[in-house]
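The structure appears right after this line, and notes come after that.
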Amino acid sequence: MAIPKFKDMERTYGFDEVALVPGDTTINPDQTNIDFTLGSFTFSIPILAAAMDAVVDPNFAILSSKLGGLAVLNLDGIQTRYEKPEEVLTEITQASDTEVTSLLQKIYSQPIKENLIAERIQAIKQAGAICAVSLIPANTKRLAPVTKEAGADILVVQSTVTTARHISKSYRGLIFSELCQMVSLPVIVGNCVTYSAALELMRTGIDGVLVGIGPGAACTTREVIGVGVPQVTATMGCAAARETYFKETGKYVAVITDGGIRIGSDLCKAFASGADAVMLGSILAQAKEAPGKGYHWGMSHPHPALPRGTRIKIGVRAPLEKLLFGPTSVTDGTENFIGALRTSMGVCGALTIKDMHKVKTVIAPAIKTEGKYFQATQGMS
Amino acid sequence: MAIPKFKDMERTYGFDEVALVPGDTTINPDQTNIDFTLGSFTFSIPILAAAMDAVVDPNFAILSSKLGGLAVLNLDGIQTRYEKPEEVLTEITQASDTEVTSLLQKIYSQPIKENLIAERIQAIKQAGAICAVSLIPANTKRLAPVTKEAGADILVVQSTVTTARHISKSYRGLIFSELCQMVSLPVIVGNCVTYSAALELMRTGIDGVLVGIGPGAACTTREVIGVGVPQVTATMGCAAARETYFKETGKYVAVITDGGIRIGSDLCKAFASGADAVMLGSILAQAKEAPGKGYHWGMSHPHPALPRGTRIKIGVRAPLEKLLFGPTSVTDGTENFIGALRTSMGVCGALTIKDMHKVKTVIAPAIKTEGKYFQATQGMS
Amino acid sequence: MAIPKFKDMERTYGFDEVALVPGDTTINPDQTNIDFTLGSFTFSIPILAAAMDAVVDPNFAILSSKLGGLAVLNLDGIQTRYEKPEEVLTEITQASDTEVTSLLQKIYSQPIKENLIAERIQAIKQAGAICAVSLIPANTKRLAPVTKEAGADILVVQSTVTTARHISKSYRGLIFSELCQMVSLPVIVGNCVTYSAALELMRTGIDGVLVGIGPGAACTTREVIGVGVPQVTATMGCAAARETYFKETGKYVAVITDGGIRIGSDLCKAFASGADAVMLGSILAQAKEAPGKGYHWGMSHPHPALPRGTRIKIGVRAPLEKLLFGPTSVTDGTENFIGALRTSMGVCGALTIKDMHKVKTVIAPAIKTEGKYFQATQGMS
Amino acid sequence: MAIPKFKDMERTYGFDEVALVPGDTTINPDQTNIDFTLGSFTFSIPILAAAMDAVVDPNFAILSSKLGGLAVLNLDGIQTRYEKPEEVLTEITQASDTEVTSLLQKIYSQPIKENLIAERIQAIKQAGAICAVSLIPANTKRLAPVTKEAGADILVVQSTVTTARHISKSYRGLIFSELCQMVSLPVIVGNCVTYSAALELMRTGIDGVLVGIGPGAACTTREVIGVGVPQVTATMGCAAARETYFKETGKYVAVITDGGIRIGSDLCKAFASGADAVMLGSILAQAKEAPGKGYHWGMSHPHPALPRGTRIKIGVRAPLEKLLFGPTSVTDGTENFIGALRTSMGVCGALTIKDMHKVKTVIAPAIKTEGKYFQATQGMS
């Protein structure tokens, strides 16, 4: 008797489980092109700073723009709830481990002030930087006009999981096609992890999707509610949606891998999985200029009843410019991310990010374990 | 030459190896419906407290009923062997690690007293609570009438492995179809882990099956006798049997995943694997009101010749209501199980438990290992 | 272009990677039959004590026989090189870790004395026990007649890897068909791990094969020379050879899993993988009566140029009878191996070892990790 | 709806994931033949010492040649940048962990001196040894004539990834077919890891390929840029290219597995994966005669902007002769590599390296974990 199957389960993969295969041609790293285009904007590096309070404040956004990237300012956090966010940030970093979640729950229960939204955006724009801001879906209809008015260039609508259709009794679901028409700005929406959800979002007219549920260093979504798709599989699914949508319409929607990137190799693998850009949280929170002062916490962390994040101590590592471009003397992939990307592209024979999408990728979970037979003195764990 | 195969082996999966995929629609958690129906009873939460002496005593059963769930009182344990179970429980929790197994073997060798069975059931009923009790198969024919007489509402027949056919020389195997007719109460039987065993049990006329052999925190069955099927595969197999039996007869038999659930994500995955309800042991033993006082031990533990369990120290965590409903400030999924379930259903687009059965599930064994590159301060191990 | 494949590789499995599935029928453990037959001998338990110097001396062989099993005396070791083996054993157990391998290399370079072979065999026979002895292939032609003469009942020819054909310039390869005719005793040969090697050995007329290369606790063959097949796959392969050979000839050759069994579950899985009996080394070296006095070492350990084993400290756990039959108060499967086997057979619905061969087995690598969320106090690591 | 796939990913394997299967015939180890042929040279052992500054200096090269193997002198390192390399080596070994990478970056920025190239080669040749030297691709056109002039016997062109086609604006890509004609010496090129890249290199007329990207103990390429293929799969791919090329042309190009070999079993598995020889780095750096004095570092380590290696402390273990040929009293595969290879070939029934290519290999990731149930005293971790 054949036993009926209850459901099929597909194998998925994360960064640690794959490796990139060198090409049959190699290219000098300095000849690679890593431009990233979103709407009418072109960025010289394909890196976005995450809309998290430990990562981006107006000064960090200005610096990111100068260095060729893009930082997203979180309009649902401390910057728009408090006149003087520095004091609140200090309070968070000084809290003990046992009390920090309660403290965050309290801090994030303060109301958002519209005047602060305008103020933060204008601070970024006045410095000549490109300004991207993020809203949560429930606030978007109300606050998107305010951000547009204040001069924001790019709008990000972001929550743990965002779909084109949301069922709620407390507010009418956000209609992304209406939003796109209303703001006439490039709109990025996330997060999503599947072909079908990404494709449905793309069909609303948005310009980019954020990919990733549960993988970030400061996120415990997978532990708490069991939901998550590892980033290699998630990025590949959304990239396949981009290809489908491009064939349907000729419009190229950016796929941005968000979360789970810890070291250079992860970043390189995100592009080989189909990403057009990556969004970095905990890595950039380690920059000298980041507001988190050596700490990082997830934006699902302050949930009043079911927090799904942790505050992690990450330390202050180096100025943002050095983190991104090196040079470095560390050997474990935690600095010089752009150098790592260009070198990876070089040995894989990829001139552009789109070439990188085609690089052969293999399942290679084997981790080096030489430590067993030698006594490592540096950088090996 | 083709080498003949000795036997085929199928790959099975446990909670840690799968993840849930968000839906193309999302739903506000407060709109989800998590009712669980057994016979004519409907419970507002799909959680059963395990028939284990460290988890359920009459007071705990009353409290569970008030909170919308169901606790099962073990009639093969301390509550029915001792007039004053509190003293015995204290003795167990105060025993040293080296002597505790011998002590349990001694304690559980005392005879069961029928008058205590009646007394415990009546205590629960008099408080207005729904009363479920459990017997082992060898005692069921003799004691089931006693429980019925005393007013029990639901009868659970449970041992490590229970099948519709048992071969023994010391007693005539229990015939479940006869039992169901005799007691005319909802009957739950377990444990089982396969499609065929579950289907055969369902065909005897029972109302629910308990799924799970070997996965519990206080159980070492898999270590001692090698028997066990990981809970995702086991639940899926029994859920497939439920579908087959429903197609055959129109009767819907409840599938209850029992054991191995440690955190919110495990519970959510049990439902996505096909469970109608879950039975929790070690999690509820952490409730302030649980009789185990911070300890937990398995019901195969006191076996006189081949104990298959351990006493584990689990600590006292929070009142039962907070464990189930929150709010919480812990971020690792060990509190607010109902909140976790509703949130998971929301992001997966499931309005009901039956919708949750259809949620896409993937094989995703990758565990987050960011700890290697950052210094975590809370909740990460 | 299709890339040509250099070679195919099949996935293999060890004990830790599989689990047994309960049957649709269950049986009371006391009704199971675990007899093991070899030639004209029938043993009431299917357990052989390994031909290792830390496990079997004449007294241990006598005791094993009394308890229903069979111990194999190593004729290539200390018992046949030294008049007073106790002194040498003491020297080994008292050596420091750093010097023990050199010491073993020295001790095992002494010549074997034919008179001691006779003496040891007669000691066993005079006690009324069944006497099994082991020789290495290079010594077999010379010493097999001596063992026969001295009264041995069963002859084991054993080395790391033994095949029906061996190429050497120093001695003419042993012809097993000639040996079987010459000694007219039941002959067991090993070790082997594949269908083809086992089948070829069976066709020489032998009565049993030992299965296992590299898996033992005191063996490092896999680390040193890369050779080994995990025991579940190895046993299944040799069991398939037994079935093929039985179909060809009607003769049933015993398959004996040797090595890698550490706990009750491993032993149960060996039978479900097709074993007729198991050979235990490190487990029995823990018996109070074992000559190793709490230590154990592999028989490839004393190789003069390339030792492939370790001396491990295993401790003295319990008398042999208790190790085999219990009762026990330990809960991790390290005592009461016969109780574990009978219980496993019961829940799997197997009346005999041949029924156990048919028990459904699944790939289930998931290991319980509850320790992360609770604080275990006993038996969990 | 079938979801379009973004890309396919093949599973790859490393040494720890496979095991060798014994043959149906066994052979005495002393009858195996392990000759390795490259161009007109035949070596009595198939082992090359890696072109790394901690492994090979002229004295080490002379000793390797005497013992039947071949050492490759790195002409892009300390030996050709410094008159007195001993002083520089001492400086490296005495640097602290935190400063060593910066120090290496400084040391390796000194220019290469052509006169030192000649001097080092002549020192080796004057001792009657076979002299192999390595250049990086960017220096090869300029320095290959110098090495030829000075009397080098074998030329190795080596970088992290070397392909037949390299795109650069700073120098015209090296044309290997031109190089082979110019130097008329056996030319080995590497590293590569795929069938297609190896085949394309072979078609340029070279005599050997080095296989391996990222696997070495002192290399962090996979961590930093995500590129790498585990050595079993990489070796099999390049060996398949060798077979294809041999069928096309009748020329047999040597496949040399380079990196990732830590113990005897890894070395044996490299040959079973198709290698004709292996190149050892960290293992030989442990020789008493190695210039690294107990330390080892990768040749990508000193990269000025993106170092991809670590200095590891490996200790001084034994003279080179003992490391290669034993005898030994260590039991974990870290000494007597030739003994391990011959023993492995013996039990696998392989008379020659080409027979070893055909040995059955299985996927067997199970690692022995007996340590959990016993207390190991030696060699088990």
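Note that the chains are named A, B, C and D in the order they appear, and that numbering of residues resets to 1 at the start of each chain.
The working rule: a contact is a pair of C-beta atoms (placed from the backbone, for glycine too) under 8 Å apart; a residue touches a chain by one contact, two chains touch by 3 or more.
Everything numeric in this text was worked out from a predicted model, so none of it was measured.
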Shortest contact path, chain A to chain C, counted in steps: 2
Of all the other chains, whose mean CA position lies farthest from chain A? C
Over half shared numbers or under half: where do the identical copies chain C and chain D land at their interface, same or different? different
For the C-alpha superposition of chain B onto chain C, the rotation angle in degrees, rounded to the nearest 5, equals 90
Separation of chain A from chain B, taking each centre as the mean of its C-alpha atoms, in whole Å: 39
Mind pulling the residue numbers of chain B that touch at least two other chains? 13, 196, 263, 332
Touch graph of the chains shown: is it line, ring, star, complete or other? ring
Chains touch in the following pairs A-B, A-D, B-C, C-D
Contact set on chain C toward chain B in their complex: 13, 18-28, 30-31, 195-196, 236-237, 239-240, 243-244, 263-269, 272-274, 326-333, 336, 339-340, 343-344, 347-349, 351, 358, 360-364, 366, 368-370, 372-380
Please name which positions on chain B make contact with chain C in the complex. 1, 3-7, 9-14, 16-17, 97, 100-102, 105, 160-170, 192-194, 196-197, 200, 213-215, 217, 220, 222-230, 233, 260, 262-263, 282, 296, 301, 304-315, 332, 334, 381
